[in-house]
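Below are structures written as structure tokens.
Note that chain A is present in both complexes that follow, paired respectively with chain B and with chain C.
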Partner chain A sequence: MKSPFLKTLGTACALSLLLSGTAIADHTVKVGVIAPFSGPFAIWGKQFKDGVEVYVAQNGETAGGHTVEFVYKDSGGPNPSGAKSLAQELIIKDGVDYLGGLVFTPNALAVAPLIDEAQIPTVIFNAATSSIVMTSEYFVRTSFSLWQVSEPMAQWAYDQGIRSVVISVTDYGPGNDAQVAFGSAFEELGGTVLDAIKMPLQTNDFAPFMQRIKDQNPDALFAFLPAGPPTFAFVKSYNENGLPDAGIKFLGTGETDETNLQALGDAALGLTTAYHYSADHDSDLNRAFTAKLEELSPGSVANLASVGAYDGAHVLYAMIGAVGSERTKAVDVARGMEWESPRGPVSIDPDTRHITQNVYIRRVARNENGVLVNEEFETIPNVPDLGLMQ
Partner chain B sequence: MSTDAAKTLAVTPPRKRFRTRLLLDLVLIGIGSATFFLFPENLGFVTRVLIMIIFVLSLDLVIGYAGIATLGHAALFGSGAYAAGLFAVYISADPLIGLAIGIIAGAVIAFLSGLILLRAGGLTLLMLSIAIAQILQEIANKERPLTGGSDGLLGIDMDPIFGIFAFDFFGRTGFWYVFVILVMVFFLLKLVVASPFGLAARGIHESPARMRAIGTPVYWRLVGIYTLAGAIAGIAGALSAQVTELVSLEALGFTLSAEALIMLILGGTGRLYGAIFGTVIFMSVHHWAASIDPFNWLFVIGGLVLVVVYFVPEGLLGLPAKLRQWLRAGR
Partner chain C sequence: MSVLSGILIDGFSYGMILFMIAVGLSVTMGLMRVINLAHGGFALLGGAFAHWLTSIASLNYALSVILSVLAVMLIAIAMERALYKKIYQFSELQQVLATIGIAFLMIASVNLFLGSTLLPIRAPAFFSTSIDLGFRSLPAHRLVVIIAGLVIAGGLYILLDRTRFGIQLRAAVDNRDMAASLGINTVKIYALTFSLGAGLAAFGGILGAELLPIEAYYPLRYMVLFLVVVAVGGMGSIAGSFFAAISLGIIDTAARYIVPDFGTVFFFIAMMIVLTLRPHGLLGRI
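== the complex of A and B ==
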């Protein structure tokens, strides 16, 4: 920089950079994410973070001129008092304008009165009990509800000529939801529910239940279990007790979740489930999503948690882009929003603030690389949260 | 530990001991009040610590003083929490009446379960205590229409305390409410452990056979202590329900019982101050370590407990005595 002109230009550039830098810093909008990052549920927090990071990598760190900063807090497992005090701290101390995350229903419910009082728009990435969104006008949900996936499963099963089922669910909140949703829809269509078995949460020995199901000889078995060891044991038991040979079909929802699908091995082949997202979903957007995820955090598997967080980040970006920290109007931005997600076309229901989405009927198969995937073969378009219609 | 206590008893004149203790208590109360001004943005967390201290104090009474090895103390916490929560939802949202209901629930459940538990000892008692907590948890899970099951008990909306102090967003009312109750519980327990009743519990801890020989009704003393501890755990549960405005199945969970035990061991069993320090240290380390590195904070806690158990089995409160001993040995 020999000439004075260049010097001035350089200084001006540096100055303007500096100024614009501070201008952006002034517009930083913080989003607090409450999720488990430690303990037995730590995988959820990691999947959330990965999903959000993919979105940020693809769309930049700013939304409508506001820099978006995510602050992560560890809630551990279901722990309403902990979740509530974390939310309090995020709002008061960290000064967040938006909240996200939330895996467990009690945690989300505990946060509801706070976000109502402080007017903090909160995007639920998972917590799936239907009624949560009714507890605060500031909740928006980008996951699913068990009603949303169980009813279409019943419809599809009936269409396939299945007339009798045994329902077998784990005895806790979501299990009960799945049982009631599937059972009532199936009976309304004219099918028969031969038996509804509630299995204890702690058990990993399913042989007695399998025998009971086999003895009743239904056309199909509809099951709901929490992902993880119980699912392995259940599917293994289903095969070992000869239910497939007896012609009893397996119908489920999230049992073939991508995070433990490979471990299920050949036993999983042919299992039929209804769900809102498969990592195998055939679209360019999904391929870009899974590729970026693999690039940013190798080994991280795209599943309902990562896509819930990815779409959650999309809703947050849209709200922040439109109103910044004038957050009282933010939820109205989200109402009726429509976009293309890695899971397919989705929208936010203007009344319930729950995500309306396609539900896919999938079958477990090996893809060209020999990897187990949930292969989508039928689509039930634009399903709202049917639980809220009850 | 008992010989240590005897030594201090012999060496220090009682009046002076009383004065230093009182001074220490006043300092503690001062520090407690100061947290309100030092951490105005973390009151939610501080309040959780205070509630947990009440719960661990109750556990200390059972394990540290009476020597009842239990891993199901959450049964009493959860009973208090659910009772106070259900009372607030269905009958009256007055916090103090709710608190009384929580106390009664904790005491009644402790008395009834104590009748069975305390006939056993050792591992049998341990297993039974876990079983009772699990039975209660399963009942809460099954009674979904009433308790909300695994979704949690929803709809608690507390009235202002005395009709004046409303629970606020920053948790200021919640803090003072819990703090005042904690101070009351603490002084009550100080009286109890120094009373003949408390000394009898200690005696039973040291040697049930001897206590029986001098005519103490061992079984009923233990049931009495357990019931009192139940009432105090009920207070902690009720406060938690009222401050969080939600009760979930975890209030009756094994994790809560186990964490409380770790806090107690960390601080030192058989001393009320141990319950306080253990809880404060465990929860602070948890809080700060988890916010710095959410993935690995459990290592820090695990390491801390290992070090304490190996080098200072009396707990962190035994550290000064231990240091003195080491220094003397070094000389």
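== the complex of A and C ==
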């Protein structure tokens, strides 16, 4: 059941492939990057671009004799139809052979049928809902999924002797993922989930939730909120309502994301999270990565977005280096790839095309310069996307 | 019992923060009849100045708050003279478009100079301590906000109802030409009142920042919230805004405590009921 539109598109793409014969001759391969570069989420696009530029600066502009050219397109916020038409424009007008970027799940899902039809390998730098990679054989993902980090958190918490939790998540897709992932894993281990609170997306004042959690007196609170103002207010509220003093531990995932960590200030100290990347990761490769990032884009903070884009560029370079514009075989190159990333050793799962990586348990602390960092103190090695195993 | 008192206290303090930020809008939109969607922008500017003064220039908190509010009031006077004096004459839709444009300019300016991440205002350590009320603890900054809100509410009531300036303002708003012909300097009155509204926005933005953190998209993120408080309270009524903010704060808090899964729906149901029964708001002037 192909729509006439997609047929036309397919023909157009085939045509553009023929026309791009000249492009093959001078060995330029274009990669379209779809990300927000304006509006409230503009920082994502900037972080992606910075990450890619660090990779290019370290590895040169060519991969296996092909010059790689990145074309950036601004998708704004979650905007499926906009993302789809940008992808179409990149494929047909700009003649890109590969796509990358994608911050939001709806945008990634909207692009899936297009890249299937036009056979465009697409590396997802962020969009973290487990099921996305199942919607097209052309998706490869270098970010993480909430299942991937929430289950190890549950395991670690149980190992620490935590037996009862209250789960408090923002009521939207990723929040629900985090709640189910953490809750089912924790209960399977024998722990008790006293309450699962779904907080409205438009919450400003978290005090009532904190009071409710405190009344139930759990060993720990597992939270998931979108980064930015909600996390800021939530963490403040957690401290001000005396939950740490009542012995209720904070367990999270990306709440202590580096871009907003300094803003949280002392309130963040001691927060425990499970995540795949910390800018503080102790490896030479990560130090080289953060140093180059600071050199190229002063003030840019290394976080999940920049490392997702950096590794995404690595996968793109590997694919382009191996097959150039013969992109139909490119995804097979990515399957099973293993390499050392600034976040640690990683590989692409041959079946799911999602990144397998270490998950780190971290604690917020001040480093020797007085800067707040996520200090990794425990490693759970080689975690696949557990969501896809369900 | 402790649940009920917890809801009342949290709701009251949340409502007070809403009041602090929305009262400036009640002055400009309610009294001066200019639909100022850039209101949150003045709160943003105040917060951005306070962020800059406390974090980068490492100034004392109280001094930073005063300087930030004054800076915003000066900017507001300049903008009133340059832009708003023309906007007063516009039709309602044009006012909406013009002021939302101004809000976008403010967002873009803050974004350009300070970026789009959170802009924390370094508050004194006292703010984050808990004060024990016997049956529960309350963060100290909420107590500060409650006291500041009561002072502002009382101060505005005296200013608008009991002073010469208030009388002149009400005269100028009711019939500008007549007031001018009686020798009232309406140009000055308008500029000062507008600046007062902007200054209140900045003050509310800074004090409320612990709950509604300052970042470049602040004006759009919370615009609906301010408009609801002013609409429910009744245009131009300081007391109305006060009661609206407190009751909406309590309703919202109670709903989130008791039935968190229903989200903010009760907040808007309350708004719809009030506006159906009293289209001009709780204490609105017809």
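The rule we apply is simple: the second predicted complex is superposed on the first by the 365 of 390 C-alpha atoms of A that agree within 3 Å, B and C clash if a C-alpha of one lies under 4 Å from a C-alpha of the other, contacts with A are read in each partner's own complex, and residues count from 1 in each chain.
As a convention for this text, a residue touches a chain if its C-beta (ideal position, glycine included) is under 8 Å from a C-beta of that chain, and two chains touch if they have at least 3 such contacts.
Computed from a predicted structure; not experimentally measured.
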Touching partner for A:205 - first (chain B), second (chain C), both, neither: second
Which superposed partner A:114 touches (first chain B, second chain C, both, neither): first
First (chain B), second (chain C), both or neither touched by A:321: neither
Which superposed partner A:171 touches (first chain B, second chain C, both, neither): both
Partner chain(s) touched by A:345 [first = chain B, second = chain C, both, neither]: neither
Contacts of A:105 with chain B and chain C, given as first, second, both or neither: first
Partner chain in contact with A:42 - chain B first, chain C second, else both or neither: both
Footprint overlap on chain A, where chain B in one structure and chain C in the other make contact: 39, 42, 171, 201
Contact footprint of chain B on chain A as seen in their complex: 37-39, 42, 45, 72-74, 77-82, 84-86, 88-89, 92-93, 105-106, 109-110, 113-114, 117-118, 129, 131, 135, 171-174, 176, 201
Complex contact set, residues of chain A against chain C: 39-40, 42-43, 171, 197-205, 207-209, 211-212, 215, 228-229, 232-233, 236, 239-242, 259-260, 262-267
Touching residues (chain side chain C, partner chain A) in the complex: 3, 6-7, 10, 13-14, 17, 111, 115-120, 122, 128, 130, 136-137, 139, 141, 210-213, 215-217, 221-222, 225, 249, 252-254, 256-257, 260-261, 263-264
Contact set on chain B toward chain A in their complex: 41-45, 47-48, 51, 141-142, 144, 149-152, 154, 157, 169-171, 240, 243-250, 255, 290-291, 294-298
